[in-house]
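Each in structure tokens, the structures are laid out below.
In what follows, chain A forms one complex with chain B and a second complex with chain C.
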Partner chain A sequence: MTLDRRSLLKTLVAGGVASTAGALPAAAYVRKTAPPGAMGMLYDTTLCIGCKTCVVACKQANDREADPGPWREAKLYDAPVDLNEDTKNIIKLYREGDTTSYMKAQCMHCVDPACAAACMLHSLQKDTITGVVTYDPAYCVGCRYCQLSCPFNVAKFEFSKALPLIVKCELCRHRIKDAAVQGANGFTRYPKGQGPACCEVCPRDAVIYGRRDELLAEAKRRIAAAQGKYYQDRVYGERDGGGTQVLYLSHVPFDKLGLPELGDRPVPEVALSVQEGIYYKVPFVAPVALGVALAAVIYRNRRVEEVRSDEGEAKS
Partner chain B sequence: MSSHAVVHAPVGGRIMTRPFMVLLAIAAVGAITAAYRFANGIGSLSNLSNGYPWGVWIAIDVVIGTAIGCGGYAVGLLAYVLNKGKYHPLVRPAVLTSLLGYGLAVIAVVIDLGRYWALWKVPLFVWRWSHSPQLEVALCVAAYTLVLLIELSPALFEKLRMGVRSRVKSFAEGALRILEKNFFWLLALGLLLPTMHQSSLGTMVLLPGPKVHPLWFTPWLPLLFLVNCIIMGFAVVTLEASFSAAVFRRPRETAMLSSLSLVAAWVALGWVVFRLAEVTLTGKLGYLGSGYGIAFLAELAVLVAGSAILLSGRRAQSVWQVRAAILLLLGTALHRINAYLVAFRPGSHFSYFPAVPELLITFGIFAAEIAIYVAVVKTFPILSGAMPSPAKT
Partner chain C sequence: MDALHGGPLTAGPEHGTGVDRREFLKVCTMAAAAVGLPASVAVKWAEAAVAGLKPSVIWLHFQECTGCTESLLRTAHPALAELILDLVSLDYHETLAAAAGYQVEDALRSAMEKNAGKYVCIIEGAIPTKDNGIYCKIAGRTALEIVHEVADKAGAIIAIGSCASWGGIPSADPNPTGAAGAPQVLEGKTVVTIPGCPANPYNLLGTVLQFVTYGTLPALDAKGRPMFAYARVIHEDCPRRPHFDAGRFVERFGDEGHRLGWCLYKTGCKGPATHANCSLQHFGEVPGAWPIGIGHPCFGCTEQAMAFRMPMHSTVEIQRPTPPDTYPPIHAEQGGVSPVAAGLAGLAAGALVGGGWMAAKKLGGGEEKETSPDKGA
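The block that comes next holds the complex of A and B.
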């Protein structure tokens, strides 16, 4: 029995080393940067007045049904309480004591999106030019691993439909028809009706649309102009979770607004460095080698046994 | 599927017994519930939500269902790689259990997938393949189900060989010869594929990392899942062999199961020690005071209890073998449920507990599994006919 244990242990250790070899060199994972033409949004909680015009505009631009919320019977109001299969963009209110803040939630368009890493056939993928995380239902099997993986709980699924789709903000990419123009003040301008509907209708410019690098510079200008006004003098999304293309400035802690403290590590890093370490770094060599080794051991074991049984027959 | 001196024989007897019809009824209720889900959408009968997109269909039917299907893998490792020939009588019934576990997990996946009609694209659209650990799980599970079918096909051909018509007989003979020749690489594939996707089931939990409780989130999760399925495989083989012995009044393989149990106990203890060491070394002991700590300790306690029984003298008694196997099964299944559901924290405004129709489908799937096992074992040569030789330890 000791032999059993020892050899079993050996096999397990070998298998373990093979299956987790990728887990250790996490540093080998190549961190992604936003594409040069990365588009995004900048939302500033100190400017938002919570009018929800953006929520309405988003629904119109994306042909989403009204969600009557608690008034489901009357269907009089569009009153979604959170992002859902009919709501790609939402304004929420945070209140604790005297502190209040509005919060706009939609897809963050991560620099290294976990949803796209989860997707088997790149149904969700990152646009190589604009960096927008796009959805193509043609390759979606409805497994909902994207929902599970998104640290912001953004991707939604049409649970009430027999033929469902994934629903999430795609930065109104269907509205873009013409090229952008360079504005006089250094800001890239977009023809009216071709940017995200939420940014276009915002009466206070609390959320603005533009190139990510320009938005990041603008956010830092605002921080520099009013030190201490913003939480930690920090732009959420510059590096959080590997970086996002939608950036936030807030006067209250980010986690109070539902923006988790993810650190700088891209969300898919651990999973993909394990998976890619085993299967893709040296493409498919590890599994093929293990398979060949197993076949060889099984073949040898049987040969030995056949010889043994032949000897047995000869003796009898 | 072997030239070894193991003679398999059908159990025979009436298939339509009363317990069998009860199983069929449970399976039928599950099937009707599933039909309702296809007509009206997943949300019409489940408690799945945008916060908890995965529930018992994935965590139990697929993640635990395939691990229960690892009996063939665990015994195959012992019998063919570690060359413990004495375990051969356990192999074919274990492969049948595996095939049923995997086949029904595939059915559960189709029920759970929102856009199941696009599933055929996954194995064929090679140019669109991503590096998602789930892709690897999907491909390997599909491939392994086919391999299990082929591994079990000798049972069908042996049955045909016993037939009357000469043409069928010679066809069966030919098929058996081909299988015999390709036996070693088929078996290798049958061991490689579970190694790949059972570890990847652990990798899958790493992607939603920020939402997974630190007690379960570790880069070692692939290894933990792999060893977990081997423990579960041993436990299932013990239960299945004891079940067959009791129900079909066959010779008990108590001595063989006793030595198998010892292997299972040591692997389980190793798993427990590794898990404790990981949590200690990464400074996560502070979480043990929380409710999650209880779930964590429950996993370990159940496994330690099961192993303790098997390491004591009691493992020679088949009653205690069964009790310990149930404990090992519970402990390993608990880890999988914990990793996929309990440790998953999408936010305090979401909650999940399975709805009754969800459970009806799950019960239906497990009932179908047992019913098909009984019917196949009675009709085809699966269980070893001869008295097993006493185990040499």
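The block that comes next holds the complex of A and C.
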């Protein structure tokens, strides 16, 4: 195969044009806010007694198999060690010296979810009314970008199945049938059997279900009532990672519970800024530079080969 | 009615026990509480009893040990056995009837005629079906004939005990008499089954008294068992459950764990697969009077799939596994590497590197050898 200088340049130019043609003019990233009817949960580590009733109820409500974990032989217990393809909700334990805390892990239902942004076919979407991050397996191709993008490591993939799906908490949306009931103190209540199973069975209301704005107000009320009781007097999820609809109050640092300090920027915004940096902010340069560098390598290799074959011809 | 508003109350002329009003109402209230009915029904019962409107009960005995009747008679709560005699009119019961022979058979016939379509038919014991049912006969008639005749005109049919519910011991392999339970024999009819060996008498009382009071039967599951008693498995309400969750098991009878009252699962307890309320409603109101309470594994007497079929000390599969009393850490270690695996991987990597090194050396040498003749050429 021969590649003359002219055709190489032609290819390079064509490639450079193609790589930049798709880039749209950059619009400032619009920060998303939770819809007015956003639903969520509030988990308070100081109230949780670690009874794991929520883990049992979640499995029942979502029809998931038990994971015997270390007791695989005897199948005595449902003992998952982390969220997995059969576990959408789990109670974990943080222990360091005398400090202990339980931690309930499930989907955080981000205001601007990274998984939905990463999902190429919109199998994962944010409900426009309730803000629940929903999963529709109809379009899922199993790429697992959602799994990689999630800052809380929530989305799980059914590796053990022939036709695998993504498994994550959907706030028991299949149980919700009709409207909420306005309860005492203006706090919205939900008919039994129509909210997330975990919140319904919690014996100490350590995790409660409701509208996000009401839950946030409740969390702030608890902080105001007992200054210094909660870590940094702060509600995790109010702004973290662009805000989440599942809110946390904790007496230990959040990062100890596996809730990373994400800052206020939503993950998709960070990802988009990187992409924009490469493809738009400094137009043409990054893709063209990459193409030029690759071309230089190819050109050099060909030169070496030609020199060698010339040498061989000369010698023989 | 006078009796209810003061004055002595006799439960009926035929009894003449002379129970006073206060005592009688107390007994009624206790019975109502024991079977989960509101206290207000106690007055209703008392009124009905005084007015002589006691519902008729016909109790049939077939292939069984009479253990269910015995346990009913031995209920320790005050006068529950008397209560069922006072509140209902037990017109036919082979064990308890004072009469015998033709006399008691007449009682059966007259009770059936008088209360046709209203009486409660309680069946205790399995019904032999092989060879036209000749293996159990009463007054010259087979159990099959009797049960069809009595059940046809009954207002409610209740099968008490595992034998009547699905065959029980008489139906155990090789089942020489073709014993079957009442629901199998009376196909197409609603039969309330109260399995157990013996059945807990309070479950029978609850069902009978609800029918007596409201004319309705309790909610039943797919096997005809009242949901109030059989909706949950024993394991769910077992007093030894915390030991199960913590992984503390009796390994052998008489060992340290057995003495300390640990979980009996490994000694063959069928509690995790047995639907019954034994763990909540102990027998004869004696605290702890039930198999697990006295340190023996549950043998699944209410379940056709297990009782008299499964070896007593073999373990069952846990139907609804729940989390143990341990917690995963925040960042769970998954797929940990064992020292052996690490060693093997190291060996493999070493072999690859060594082999690669040698191969590269040889390749280099070969090239040199190949090129050397060229040079000469």
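Quick note on the criterion: the second predicted complex is superposed on the first by the 245 of 316 C-alpha atoms of A that agree within 3 Å, B and C clash if a C-alpha of one lies under 4 Å from a C-alpha of the other, contacts with A are read in each partner's own complex, and residues count from 1 in each chain.
What we mean here is this: contacts are C-beta pairs under 8 Å (C-beta built on N, C-alpha and C of every residue); 3 or more make two chains touch, one makes a residue touch a chain.
Given the structure is predicted, the values throughout are model-derived calculations rather than measurements.
Applying the stated contact rule after C-alpha superposition, one finds that A:Ser149 touches chain B and leaves chain C untouched.
Counted by residues of chain A touched, the larger count belongs to B, out of chain B and chain C. In the superposed model, A:Val285 lies in contact with neither chain B nor chain C.
Of the two partner chains placed by superposition, only chain C is touched by A:Ala66; chain B is not.
Shared-chain residue A:Tyr77: touches chain C; no touch with chain B.
In the superposition on chain A, A:Val30 makes contact with neither chain B nor chain C.
Using the contact criterion defined above for the overlaid structures, shared-chain residue A:Ala117 touches chain B, although it does not reach chain C.
When the two complexes are overlaid on their common chain A, residue A:Gly50 makes contact with chain C while staying clear of chain B. Once the two complexes are laid over each other on the shared chain, residue contacts for A:Ser160 go to chain B alone; chain C is not touched.
82, 258 are the residues of chain A that lie in the contact sets of both chain B and chain C, per the superposition on chain A. Put simply, chain A touches chain B in their complex at residues 1, 4-5, 7-9, 11-12, 15-16, 18-20, 23-24, 26, 82-85, 114, 116-122, 137-145, 147-151, 153, 156-165, 241, 258, 260, 262, 267-268, 270-272, 274-276, 279-280, 287, 290-292, 294-295, 297-299, 301-302, 304-306, 309. Those residues of chain A that touch chain C in the complex are listed here as 50, 52, 55-56, 60, 66, 68, 71, 75-82, 90-95, 102-103, 256-258, 315-316.
On chain C, the positions that touch chain A within their shared complex are 244, 265, 317-318, 320-324, 326-334, 374, 377. Residue ranges of chain B in contact with chain A, taken from their complex: 3-5, 38-44, 46, 48-51, 53-54, 77-78, 80-85, 112-116, 118-119, 121-122, 125, 128-136, 138, 183-185, 187-189, 191-192, 195-196, 199-200, 203-204, 206-211, 219-220, 222-223, 226-227, 230, 259, 262-263, 266-267, 270, 344, 346-347, 349, 393.
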